[in-house]
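As written, the chains take the letters A, B, C and D, and residue 1 is the first residue of each chain.
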Amino acid sequence: MEKNIPLVVPEVNPDHLGLIDVQRDKKSDGFIVTNPNCSTIMLVMSLAPLRSFAFTDIRVATMQAISGAGFQGVAGMAIYDNVIPYIGSEEEKMETESLKIMGTLQGPEVKPAPFKVSASCNRVPVIDGHTMAVWADIRESVDAVIKAYEQYVPPISGLPTQPAKSVQYLHDPDRPQPRLDRNRGNGMTVSVGRVREGLRYVTMGHNTIRGAAGASVLNAELICSRKYL
Amino acid sequence: MEKNIPLVVPEVNPDHLGLIDVQRDKKSDGFIVTNPNCSTIMLVMSLAPLRSFAFTDIRVATMQAISGAGFQGVAGMAIYDNVIPYIGSEEEKMETESLKIMGTLQGPEVKPAPFKVSASCNRVPVIDGHTMAVWADIRESVDAVIKAYEQYVPPISGLPTQPAKSVQYLHDPDRPQPRLDRNRGNGMTVSVGRVREGLRYVTMGHNTIRGAAGASVLNAELICSRKYL
Amino acid sequence: MEKNIPLVVPEVNPDHLGLIDVQRDKKSDGFIVTNPNCSTIMLVMSLAPLRSFAFTDIRVATMQAISGAGFQGVAGMAIYDNVIPYIGSEEEKMETESLKIMGTLQGPEVKPAPFKVSASCNRVPVIDGHTMAVWADIRESVDAVIKAYEQYVPPISGLPTQPAKSVQYLHDPDRPQPRLDRNRGNGMTVSVGRVREGLRYVTMGHNTIRGAAGASVLNAELICSRKYL
Amino acid sequence: MEKNIPLVVPEVNPDHLGLIDVQRDKKSDGFIVTNPNCSTIMLVMSLAPLRSFAFTDIRVATMQAISGAGFQGVAGMAIYDNVIPYIGSEEEKMETESLKIMGTLQGPEVKPAPFKVSASCNRVPVIDGHTMAVWADIRESVDAVIKAYEQYVPPISGLPTQPAKSVQYLHDPDRPQPRLDRNRGNGMTVSVGRVREGLRYVTMGHNTIRGAAGASVLNAELICSRKYL
C-alpha cells in the first residue's frame, strides 16, 4: 500500500503501471508492482463493469476457500463441517486495497476511489474458489446491471494468460458455484450471477489461479507488453 | 403470513399470541400459530436485543446448513466442496417474516416493523447450524451494541425448553462457529459475535433445533403457559 | 454376466471380444459387449500386472466416491462427516465380474479365473476416485511385485483414449490419493502404491472416467480397431 | 511395549494388571499401565467376543477420523475430498499391540496371542470415529458369530465410565456409521455390524473417547477397583 507502488489487476487498472515511472525517477532502474489480496481481486473484477454507475457503498460477505490460507493454513479439524467467520486482516485489506485499485492515477500517486467497502470474511469448507455476496448502492435496474456485465470489455486484450472473458455473467439462478465454475477460462475468469434488486449479486473466482499465481503471470505479461521490461 | 395467524418466536414476540383471540372471535375454539422459517428465527433473535436502536436497513448473507433442506434435500454431489448461492424462496421469507415477527400487534392485526431486510442466502457444506453475516444501520458504538446483547432479557422466562441464555454474545474474534457453538443451550441458544463498526455482526444458531423442532416445542410451552390451551 | 456376452476391460481381456463371434453364430449381425462395474475395473486393472504370480485369494476393502452413485445417489446429510459401510450389490459384482474378466476364453464361453475375491465396500466423502486396500496371497517379494507393475505392458496399444500408462506405480509412501491422482492420464490411468509385505497394496482410479464413460469409449475404440464394427 | 508394562483395555485383558506386581517387585511402589493406540482398541474390542473361535489371521482396513491426528494433525487441504492411505507407524502398532493385549499373562510377562494381524490404515474426511473392515479366518457360521456378539459379557462390570454395552451388534445392513453411531454409550461403546461370509465384519468406535480420553479414565477406574491405588 506504499504510495508509489502500484497494486494492479490488469483488467481493472493497467494505467496504474504509470507509477513505475515515478519509482524510477526516485530510485534506480528496478521497480515494484504488487498483486492485491485474492479476495480483493474477485471484488474489484466484479465491480469494474459497474464503474459508471457511481456507487459509493459496497458491502461484501465472503465465503473463502481453504486453499487461500496455504496448504497448512487451516486444520481439517478447524474447518470440516464448519464456517469460521474470521480471517485475520482480510477485511481490512479488502476495504483499503479495493479503493486504491479502482482509484485514479493523479501525478505521482493514486487518488483512492470515492466509495466505501465494508467486508465480512468467512472461511468455508471448499477447496478452491472464493464466493462473495455483494451489495452495491446502485439505483439502475437489474437489467441495466446485467447488460453492463454482458457488454463489458476490459481495458487490456491479447495477453497470453488473459481469458476470453475476464468477467462472465451466468444467468442460471443458482450460479456461480465454486466447484462448477472455478475453472472457467483456465481459472482466470471471474463469474458473476444473481443480480437482483437491492442491488445484490454473487461473484466467484478461483483464488489460487485468478487470485494468486495467474494474477502474477498476467501482471508480468502486462508489464512486458507495456515495455517496462 | 395470514393476517390473523401469529408467526411467533417466544423470546421476540410472545404478545402476538393475542391474535388467537381474534381468530376465536371469527371462528371456533381452535386456533393456528405458526413457526417462522429457520433462517428468520436466527435473524430476529439476533435483532431483538437491538430493537431500541431503531435500525431501518438490514442486510444479511446466510451460510446455511444442509440439514435445513431435509435429509434428501441436498445431494452430496451438489454441496461437497461447494457453495450454492441460492435457496428457493428463502430470501423472500426472511424479508417478509422478519417484519411481521418484529411488528406491533394493533387491534386485530400486526403492523409490520418499519425496517427493510435484504437477504442473500447460500448453502454451505455444514451439517447443522445456520451462520449469518449481518449489517444493520445502527449509529450506536460497538460497545453499546455488545452491552445490549449482554444485558438482554427476553420477554418470557421459565419455559422448560427455553435456554438459560436465549442470545449469547461470544467475545472470541472467530466465533460463533457452527460446529463449536450450535449445541449451546441444548441447541436453543442463538450465538452472536464479531460486533464491529459498520455496524456488522455474525450470528449462528442450530437450524433443526432452535430453527424447527425446538421452536415448535417452545411455542407450545408458551401457548400453554398463557392458558390458551 | 450372460455366458456369451463379454465383460471387457481393454487392457485386461481384449481377447474376450472373441465372444462376439459366438453371439453372431447364434443371432444376427448385432452384438453386445458390456462394461464391468467401476470398482471391478480398478481391481482387475491393478491385478493384471500380477497375473503370473498365481494368486488364489483376494481381499479388497473399497473407499468409494459419491459420484459413483449418480448425482442424486447419496444425500449430503448421509455422507458428510461419515462412512457408509455398504453399497447395494457392489460386493457381489466385484466378486463375480473380476473372475469372468480375468478368466480364459475357451470355445464359446469364458472359464472364470481360479481365484476368489472377498470384498468389503464403503462409501466415503470423496467426490471422485475409488480407493482400495487390497490383499493378495502372493509369495513373491515386494520388490518383485513393484517390478511387475513398473514393467507391465498392456495387451493393447495405440487406442486414442488409452493413457500412456494404464497402470502407474507411485513410490511415495502416502499415495495414491484420490484428489491428487485421479486425473492421471486424463482420468484413464489406474494408480497403485504401497506394495508391502502381506502382500498388500493400495489402488485408486477415477470412477466416472476410467470406471464408466472413458471405459465405454475405450471399449468402442477396441471394438473398432478389431474390425467388429 | 515393554515386557512388564501392561497394555490394557479393561473389557479385554483386565488380568494383565497382574504385571503391576511384577513391576513392584523390581522397582518401587509406583507403576506404569499404558493405553493402546486408538485403532488397536477398536480392533481388539471387536475381536474379544470372538476369542473362542480360535482365529489365526486378521486383516483390517481402517478408515480413520482426522481427530485421531490431533487438532493440527491433518491440514484441511490434505484431507478434504480425499483419502490418505497412510498413517505413520499405525499399521505396525495395530499389528503388535493387538497380540499383546489379547495375549496370556504367564508369570512375569505376557505371551502374545497366537494370531497375526495385517493392517492397511487410511485417513478419511470424518471428524470422529474410526471405521474398520475386518477379515478373520473363522470357520463358524455367520449366525454363530452374531450370537457371540449378542451374548458377549465383558470380564469387568460396574465401572462408572463403562457403557451398558461395551460391544453392540447392529443388525441394519448399512451400520455402523461414524456420524450415527460414534456417540453410543457416551462414546464408549464399540459398534459392530455386517458380519457375513468370509468371515467379514465392520467395526467402529469413537477414537477420541473410547480410543483415548475415555480409555484412560476407564483404565484408572479399573486400577482403583482392583486396589492397586
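The definition used in the following text is that a residue touches a chain if its C-beta (ideal position, glycine included) is under 8 Å from a C-beta of that chain, and two chains touch if they have at least 3 such contacts.
As the structure is a computational prediction, the values presented were derived from the model and not from experiment.
Between the contact lists of chain A and chain B, the overlap consists of C, D. Most remote chain with respect to chain B, judged by CA-atom centres, is C.
Interface comparison, B-C versus A-C: the pair with the greater number of contacting C-beta pairs is B-C.
Centroids of chain A and chain C (each the mean of its C-alpha atoms) stand 44 Å apart. If you average the CA atoms of chain C and of chain D, the two centres end up 33 Å from each other. With centres taken as mean Cα positions, chain C sits 51 Å from chain B.
Shared interface positions of chain D, i.e. residues touching 2 or more other chains, are given as 80-81, 125, 127, 179. On the side of chain C, the complex with chain B involves touching residues 66-67, 71-81, 125, 127.
Chain A meets chain C in the complex at residues 80-81, 127, 179.
Taken in their complex, chain A has these residues touching chain B: 59, 61, 63, 80-86, 118, 120, 122, 124-127, 129, 131, 133, 135, 173-180, 193-194, 198, 200, 202, 204.
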